[in-house]
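In what follows, chain A forms one complex with chain B and a second complex with chain C.
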Partner chain A sequence: MNNARSAVPGLAIAIAVLIAGLLLALTVGRYPVGLGDLISVLYAKVVGHRADVPPAVESVILQVRGPRVIAAMLVGAALAVAGTAFQGLFRNPLVSPDILGASSGAALGAVVGIYLSLGVFAIQTVAFVGGLIAVGIVYVIGASVRSRDPILVLVLTGVVVGSLFGAGVGLVKYLADPYNQLPAMTFWLLGSLSATGVNDLFPLFGPVAVGAAVLVALRWRMNVMSLPEEEARALGVATGPLRIAIVAAATLVTSASVATAGIIGWVGLVVPHLARSLVGPDFARLLPAAAILGGGYLLLIDTLARTMAQVEIPLGILTAVIGTPFFIWLLASVQKNWS
Partner chain B sequence: MILEGRQLSIGYPDRVVGAGLNVKVGKGEVLALLGPNGGGKTTLLKTLLGLLAPKAGEVRLDGAALSSRSVRERARLIACVPQTHVATFAFSVETVVLMGRTAHGDLFSRPTSKDRMVAAAMLDRLGIAQLAQRPYTMISGGERQLVLLARALAQEPQFIVLDEPTANLDFGNQGKVMREIRGLASSGLGVLFTTHDPNHALRAADRAYLLRGGERLAEGPVSEILTREWLEALYGAPVQMIVAKAGTAFIPG
Partner chain C sequence: MRHDGWCGLIDRRTLIAGLSATVLAPRHARAATVTDAAGRAVPVPANVTRVFPAGPPAAILLYTLAPDLLIGWPRANRPEECAYMLPEICTRPEVGRITGRGNTANLETVLAFRPDLILDIGSTSGTFVSLADRVQEQTHIPYALLDGRFDAIAKAYRSLGELIGRAEDAEKLARYTEDTLKTILGRIDSIATDARPRVYYARGPKGLATGLGGSINVETIELISRNVAGDTPGGLANVSIEQILVWNPDVIVTIDQEFAATVRNDPSWASVKAVRDNRVHLSPKMPFGWVDFPPSVNRLMGLWWLAKLLYPERFSEDLRGLTQDFYFRFYHVTPTAAQIDHVLAGRD
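Moving on, here comes the complex of A and B:
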């Protein structure tokens, strides 16, 4: 389960989940599309001429489902990669990407944006900046408190600042117009990709690509960073600057996905663990496996969200329904798996 | 090349643990650090490793201040074998040993084939090559101590510092680690280790440094320093010395 020879089947499983997620997400829905039609539309797109299918089919695949599928993959991959990075950095397999307050900061930014009746793009920007600010505050406070355990101080500061931002969200919701604004806030806080269009993809892709590239480039150092602080330094790693780089990269990735899709919990907790059980803990293999698996996982969840009932079910609710029993199982088996 | 602490005051931001300490280890030499709990042994080790800044005085290595070197340069000169601990993630033994090569690569590099050869050679040297693909979390405490020693050797340092290398080990593994420490010195490394067992110091070390209450009680060749009188003064407790044809041993009386 942990050696080099077993990494290939693990990665193959992750890729299979992603492909299954892609096929289901593009074909299943209120307007079902056959596999043959899907293939001919995608093939026609690649070679650059018109496909021999009804225009409605092409439009459903390319305009309606396409952007949403890409967004789901990016958000799932982003949350999984950020969760993987934070779990390593905090040496704890039970932390998630919002441990340092990225989600609560983004949530406050978004509800303020909705309260001020800003446009969609402005709301996303405010949410993105809110996430960065929250983590920035946590980091500055955490770094200025003198302690022998900087990691613990950072996590506790994250909890405290996160709950303060949560109180801010509560206040804005309390002040909001209950007929127009409150439903929009609630919908955003529960997470959804239903409003995602082509224009949302670039603001999502840019930060996710930059953050993920930094994390992948640092993959070997991240292995060493998962050792106790002093041990990592004795091995020649300048832990202080490296921790800032990893936190910044993971926060960039998290904030961009929260700004696009709202609060989607559990993915960043569950997927890194699944990926670790597939390819082992070495970040060189774990990061790509988590990204692929996270993309496939959120695609499956999102397809479920838009097909299982007459109305769309918020993503955050589905991920919680799946995540909670998983987390309990994780707690019960953690002893066996990590020590 | 000498690792040396001069007139060191050691401690943490909020408290001083020891003062006026002069410590010296040369290459090919083993120095054992003994003293009661809370006497400052671990703090002194961390200071000599550069993990903790001295409150006064300085640590010098090869004639230059340790603080003038980068974290990475230090790691290529001094390696540390920490007390064994339970790891969070189930890295393979090979990966753990490869982490010892980190200081030989740059910020973005991955282990090279040369790094893998060095890691394999160190596992081989300690007789644990068969563990290479096992998860570090699934091996015994004695094996883990040897893996951490292999990781320190993979750093290809000039000095190795070990924090209670025999704690948590069974009787047989204690002997094995002591033999390995002797072997490190004969291969030219300078070695500094802490221990609670004077017998280990007697067997593996050239010199002993007795640390009590943050001050140096005595220092010198083990044959002169490890005596009943000094040990009783060090621990504030009666000690029995047993002399036999095969050697000398101490037991707490």
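Moving on, here comes the complex of A and C:
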């Protein structure tokens, strides 16, 4: 039995991956920063005086690479946690955080923002709100359809509304100025953390912390939600309100991530499975493990994205290139592992 | 090559076109075909009164030479842009485009406008050649595909002049184009490539999108300076601030007002040389962009602007006078002093 297995080795592996990723991410990059410079800048920051390094080095560590590393971990953790919650809620291993339309909604919000030539912060806000609206629409429609299988209705509504928002994205791209706006939209939709600065961290951290806190607080009940609807009700869990809470929390973290980093697929799909194979299906262990693994995974991917070439490799492309083989392997072995 | 000795003094094309503009014009304009930039023989229409532009660069090229023939614009112009164009032409309807990333004009619409000629300028790669052939075959309307690169603009004017029977006007604009390029390049000719300023071209509100080596977006910049992103060939791409810190450009040229306004106070850009030296320049963009898009003759003015920015000691001309002259010749308007200030400030 998975449940009986100790989670300690699994969590230890996850933490080791994260720390290795953190060290690597902070010391490599297009701008050369030595380990000594890194330590002296961080030490100087902690004790509160100026480090004895060139200002450009300090700026790279504190203004450019540091915020980006933190954002990569937050976004990776957020998507992995949301994916874990949705896979449990929908009792389906092939579900990702955008199943209810959060990504499509955020994408539409962002391209509309770019189309209207809004500023960066406004674009991120519109994207965030777009994600919330899309999931809100899905939930209202899903809940108003009478069905013996509310989960299935919700997923189907999510797919349909998601594709409607996708069509909206296509329409805005079609209408956009091909020289200026269209490339900006394309870059945004491919996902990137290249523009992350210190100011981006709080709008990201706030919603992610709130959503993650709700999910952690609900961890025991989420185990029950993984059972069939009737069994969960028989155990005295109010499935309706609980489902709303989980969906709302997961949507909050997903929308905040997508608003900051653009569309990054696969992390929310792949990482929960990695986490499950490390610590088993109990949400009390699974959520922190997924968060740590997701943070470390996206940190590694983003480090590749910013170091491989002079130009940025879009995150959506790298995660897909690495995620697809895993997904195929998952499809092949899903029968025996998921029950 | 056979005629090297003969055309060393004056380009043969210039000579022929010059003659055609004066003595031979009436007969020349009625030639059966004109060879376009893709080597296609385009039948010359008997009497051209309406021309359909395939995309924004073609609309601008045609507007500068023969505004009355322009059926409409690929995208409707904004009212503030029309302040710098002939109002009755600027407000002509939106007709979509039939090339580039997606067709927004369907061929029936094109036919409904009853054009005598379809004009396209830009890439002459296989995709666009086959598109031109197909449209011409389907509509039986001559489709001319001209080359949009800087050094081909003069030739594009001459071909278009012949096609629409305005060789004389075309020759004037072609000469201005050639003279401008020759003057600007001639004055900086003695500066070795290594000694030219290193320029980063910033796009997008965060300034992190740029044009790679050989990209049409940085053609102006690469013509007279060094593009820091030029080592990697390609089109538009995103880069990180770290990479820009490594490049440490002398000058930043941007088209984004938001970026230009915020970069000076952005701590992550603070140690970039161009920002420290206060050398972040917002490119004028009214009514059409000066350095980047649309990739048409509008960028010729940007070349003056850029040359003065980068080599002030070699370009003593008054930019305001040059602007007025260019807008008069190409856009058929005489902007007021206040309008020129507005344009030069990079506002829209």
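In this section, the second predicted complex is superposed on the first by the 331 of 339 C-alpha atoms of A that agree within 3 Å, B and C clash if a C-alpha of one lies under 4 Å from a C-alpha of the other, contacts with A are read in each partner's own complex, and residues count from 1 in each chain.
Basically, a residue touches a chain if its C-beta (ideal position, glycine included) is under 8 Å from a C-beta of that chain, and two chains touch if they have at least 3 such contacts.
In this text, all values refer to a predicted model and were calculated from it rather than measured experimentally.
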item	value
Touched partner set for A:206, first chain B, second chain C, both or neither	neither
First (chain B), second (chain C), both or neither touched by A:235	first
Which superposed partner A:306 touches (first chain B, second chain C, both, neither)	second
Which of chain B and chain C A:55 touches, first, second, both or neither	second
Which superposed partner A:182 touches (first chain B, second chain C, both, neither)	second
Which of chain B and chain C A:34 touches, first, second, both or neither	neither
Touched partner set for A:9, first chain B, second chain C, both or neither	neither
Residue ranges of chain A touching chain C (in the complex, touch as defined)	29-32, 54-56, 59-60, 63-65, 68, 119-120, 123, 174, 177-180, 182-184, 187, 192, 194-195, 197-198, 306, 309-312, 314
Residue ranges of chain A touching chain B (in the complex, touch as defined)	1-5, 88, 91-93, 146, 148, 217-221, 223-224, 226-228, 230-231, 233-238, 276, 280-282, 284, 337-339
Parts of chain C lying in touch with chain A, wherever the complex brings them together	56, 75, 100-102, 104, 203-206, 208-209, 212, 229, 231-232, 234, 236-243, 245-246, 255, 258, 266-268, 270-271, 289, 292-295
Complex interface listing, chain B residues touching chain A	12-14, 46, 49, 51, 70-72, 74-76, 78-80, 82, 85-92, 95, 99-100, 102-103, 105, 107-111, 133, 135, 137, 151, 155
